[in-house]
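In structure tokens below, several structures.
Presented sequentially are two complexes of chain A, the first with chain B as partner and the second with chain C.
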Partner chain A sequence: MSFYFAIVGTKDNPIYEAEFGTSKQGGDGVARFREEQRSMNQFIVHSSLDIVEEVQWATPTMLYMKCVDKFNNLQVSCFLTAGNIKFLLLHDQKADDAIRQFFTDVYDLYTKTLMNPFYEVDMRITSGVFDGKVKQAAKKYL
Partner chain B sequence: MQRGDSLNSPFVPFSPNPSIQQGTPTSTPPLKHTLSSSTSSNLRYSSSRKSIYDRHLNRSQRSELSKASFAFLFGEMVQYAQKRVNGIADLEKKLNLHGYSIGQRLLELLLWREGRSAKRETRILGILQFITTTVYRSIFNKPADGLEKSRDNEDEYMLIDNDPMVNSYISVPKEMSQLNCAAFVAGIIEAVLDGCLFPGRVTAHSVPTEQLPAKTVFLIKFDDSVIERESVLVVTRAL
Partner chain C sequence: MSSAFPSLRTRPTLPAGGVSRATSVYLRSSSNAPVHSSVTSLNSLFNQANLNSPRPPEDEDCKGLVCRSFVPCIAVHVADDTNELAREKGFADFKGMLRPYGESIQGRITIRDSQGISTTHDDYGVRFVSLADVADSGEKWESGTSRAINGSSEKAASDGSGVFQGGSVEEVEKLVNLHMERAEELNETSLPSDGDTPASNQSFYMLYLRRILSALPLSPHETFSHPVACVIAISSRNANPIDSLRNLYNSGNHLPLPDYLSTDYLRYYVLVHDEDRDDIKKSVGRFHFQSGGYIVEMKLMKSTQLFDQMKKHFGLHCHLLRLRSGGASVISDDDAVVVPKTQWISAAEELHEIRSRDYDDEQPAACLPDSDAAGIQTMVREMTQVSVIPFMERCIATWNDQVASRRRGISGRFISMSKRYFSTSSSRNSTSSSSNYDALHQSYPPSSPEAQMRKLADYAFMVRDWRLAHSVYELLRTDFNNDKAWKYHAGAQEMAAISLILTGTGLTSKVRADTIAPMLDLSCYSYLSRCSATYHALRCLLVAVELLRIRGGGAADEAATWAIRARDMNAQGTIGHALITERVGACYTIREGIGSGAWGARKRKAAMWKMLAAGEWLEVSKLAQSRRCLDAALPVYEGSRFMHVHGFMQHLKQQAGYTPLLADLQDGRRRRGGEDSDEEGVEIQSETLHAGLKRKSLIVGREVEREVENEAESGLDRFVDS
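== the complex of A and B ==
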């Protein structure tokens, strides 16, 4: 079970990307996408942005929006922050609760990144510490 | 020290220059406290090896700031802006910009602190109520004094503050009587609105009355797209 995670900014620009596999049940935490599949991941996630924008104006207005899009056997789940930053996760199996906890953790990390006065909204996140903590959260929940 | 080494270490400093977006450290060293000698490298590590990711976001929730220190900082901010502009409109714009970056961070922080029950606002009235109560209470420890809708224009709303705290130690000379330094707070409000996808302009106007000589009105003017969307949402909600 592999995951592709992306954080997209307010101008539809990617701010952060990561790939990981599941660490549960003997998985080793490494993503196993086929080579062609990997380049498709970005397109799938990008196209689901349209759907996210549509759904975000519907009620209820929770931050976590569950599964917004399906493509072949892959599903895209979305979490929308207050400042309209989208966390998108591409996955092939349902895991609503675990994904929600993962998103909440990453939301925490993103808010801490934003508290840095030198970090503007829509800037790329290049911190190795952030990367490490995201992978840690992925290992914990996914 | 090789640049390659620094890329692998977990303490890559944030690049303050937004045009450099690849993750390579720039030559401008970050202003971090350091014990190690920095003659050979431009990277400085915090001696306790802690990063901002280790601090808890609720740490500052109950802490208070003395009015004097804020007044000092704000006074210096106004002076700094004044030296670099020519004109009152420019000065207000600069103060607005200062408040803008604060507003962006405040929005995310406040919604994060609401926890699991956090909800995004999609209606104009909802977001204005959020600003009047939550945002105002977190900065000034009291909600704003009033929220009104303009009778003449569909897209204008007014937020009233009887005594903006930021203006309490700023004295405006007579020739600049149009200036209202609450443009700083207007910037905060504008950022919160922009973040929630309600683009518009927020300006501060002083409307002194007999009992309230420092009364300020924040005029919030939304873009047309917001009004259109609002009317569509009302229709779909009613169905």
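== the complex of A and C ==
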């Protein structure tokens, strides 16, 4: 079970990306993607932005959008923040609740990042602390 | 009828560069206009859309293509002297002379459907096949089913029997490959012209689709290629006409046609009268000329008498075709017209034609004198409008009353229920006897109600009465399921789904999910796993994709899903695979969003699929196609900061030798890619991006990707460290 997580800003730019594997059931937390799969991940996530936008504007807004798109056997789940920042998670099995909790945790972390006066919206997140905390949340929930 | 289907208002979207290129052309041309040039240029931009004819151009008209591929098939069975006449004119045989004129009938055809409402169509056509070919191809089907359907019709061609059958995906692939290579050669030698890309955008895919739908193979489970009528022709040279007509009739009946073909088709008798015989002595002199004229008149009178006799015997279904005898006309003759090219020939035949044309180049285009061409066109038109269509309408009405309504009513339901009930509770033997299905030959005898209903549904489809066709296909589905006639079952499902989409009823997502999707799914499953008929499965999916794509909205998304499914089927070779991948992108492009932000558009998805297609084209080294896909995909990924995305696009661009449109906007013309212009192009685009990264990417080839990959990895590490 491998995951690819990306935070995408308002201009389709990636703010943060991470890969992890599952820590449950004896997984070691390391993502296992094949090489060509890695570049495809970014394409898949980028293309699912289309559907996210459609859902976002066509239906009453909700934060957690569950699975918005499928590609082969991979699914993309999305969480939309109040500032139109999208958290996208590429995964291959359904795990709605766990993913929702993970997203909520990351949302917390993101809001704290926003409160940093030196951080502007759409900037890349380069803080190691943020990275560490995200990986922790992943270990906890996914 | 056409209002249910919004025709494509615009061509498949060009990237932004392309559009601005168009405006720059218009601005230039209207600069001579009076002072308010901005207004006039805007007007000319808007007017351009109206200049397009209401009917979308040939290449883009997918629905028309589908409708025109399922048309009545008319067999041709003629006496030898008629073939002789045709050979003198430069055709292989009489059928070869008729065929090009049958494909698009001049003028409008009026059809009355089962409710009595008449509709006119101006794009109707029929297919002419020779009756002997029908017999031959039927045999081939019975002897080697999977062979004939899935592959080697090369065997047929090499036999020299001259029977070219459609239904082979490999042949189509070879043909499209050949065309692409030729086109690429042409492009290399000639200068690229401005604005030619939109037209050729999808033309290879259209060719692929058209060849898949041409020359539908003869099979028991669908009757599109079973003859609806038969043209029996003799010429006025014939010594004993009535006898030969009778002989032709009998021989036509006694040809070894396959069992499942019903022989009660319409017979249409044609008397070919040749105006002036060559053996009239070429002498100048009024007397001879007069007497020559007298002889001709005598001949015509004789023919007319004969024709009257025929009419008395055979009723309305006769025609007198007057042709000029004499050798083949050349294009330089006064009134010669070029015979139109046959569009709907099978891939095998076209390959054969191209190869033979390669061997002897000085084969001129076939021509006919003007009067002959007009005569043939009139004959085909009359035959269709006056004989064939009414015959089909009568058959539909008869079968509808006798067979189908019996099944539809309450008693019909009881009959089918009792069959099902008894067959489950009784032993195996009685099951097989209660159904009409002949499991050994995998066909129904043509007189059984199921076969007749399938014929009824197919006739309704061919006269474009979609509702009736759909209702009959629905009835047939359950029947075939109970009889475990899998190929028939798959065929009925496929046609039921297609006719439902064609009726033009609203396709809400519920309708699509509940009816169309399961039908298509089941049909594919049946074709693939139970019958191993990959050609039919591919055809089913591609037609569904086209029809759903035109509907737009959510249907376009579904079209993309089915196209992805067709792609995964692996029924086709690499070229077909790449074409279908590109088509997925085209399905998504159709979907333009609403509002200023184009919400609901599928630009990114379209770009991703086009990019995948570009990769596939590179693998089969078709660089021109790859460049075209990159044209469409690049603008979306222009400023993308996703590292891998960026690296991948760079890699593709280098592989394809791509020069971006943007850089040449000032020149107004595409430059062919050289290494320096490539770099220049890269420079222009990438100035705004990672400056540090780009310096390295000017180095050629593999290193680019490795560098980018390294940067990406170290980039991620940087997150952790800092």
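Just so we're on the same page, the second predicted complex is superposed on the first by the 141 of 142 C-alpha atoms of A that agree within 3 Å, B and C clash if a C-alpha of one lies under 4 Å from a C-alpha of the other, contacts with A are read in each partner's own complex, and residues count from 1 in each chain.
To be clear about the criterion, contacts are C-beta pairs under 8 Å (C-beta built on N, C-alpha and C of every residue); 3 or more make two chains touch, one makes a residue touch a chain.
As the structure is a prediction and not an experimental result, all values here were calculated from the model.
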**Request:** Considering only touches as defined above, state whether A:Trp57 meets chain B (first), chain C (second), both or neither.
**Result:** both
**Message:** On the A-aligned overlay, A:Leu49 touches which partner chain: chain B = first, chain C = second, or both, or neither?
**Reply:** second
**Item:** Partner chain(s) touched by A:Phe20 [first = chain B, second = chain C, both, neither]
**Value:** neither
**Prompt:** For A:Asp12, is the partner it touches chain B (first), chain C (second), both, or none of the two (neither)?
**Reply:** second
**Message:** For A:Thr126 in the superposed arrangement: first (chain B), second (chain C), both or neither?
**Reply:** both
**Request:** Using the superposition on chain A described above, determine whether A:Asn84 touches chain B (first), chain C (second), both, or neither.
**Result:** first
**Item:** chain A residues touched - chain C or chain B, whichever exceeds
**Value:** B
**Asked** Taking the superposition as given, does A:Tyr4 touch the first partner, chain B, the second, chain C, both, or neither?
**Response** neither
**Prompt:** Which chain A residues contact chain B in one complex and chain C in the other?
**Reply:** 56-57, 126-128, 132
**Prompt:** Tell me, which parts of chain C touch chain A in their complex?
**Reply:** 593, 595, 597, 599-605, 607-608, 611, 637, 639-645, 647-648, 716, 718-722
**Item:** For the chain A and chain B complex, residues of the former touching the latter
**Value:** 56-57, 59-63, 80-84, 104, 107-121, 123-124, 126-130, 132-133
**Prompt:** What does chain A use to touch chain C in their complex?
**Reply:** 11-14, 16-18, 38-39, 41-44, 46-47, 49-51, 53-54, 56-58, 125-128, 131-132
**Asked** Residues of chain B touching chain A in their complex?
**Response** 8-12, 14-16, 18, 21-23, 30, 51-53, 55, 57, 101, 104-105, 107-112, 116, 118-122, 195-197, 229, 233, 237
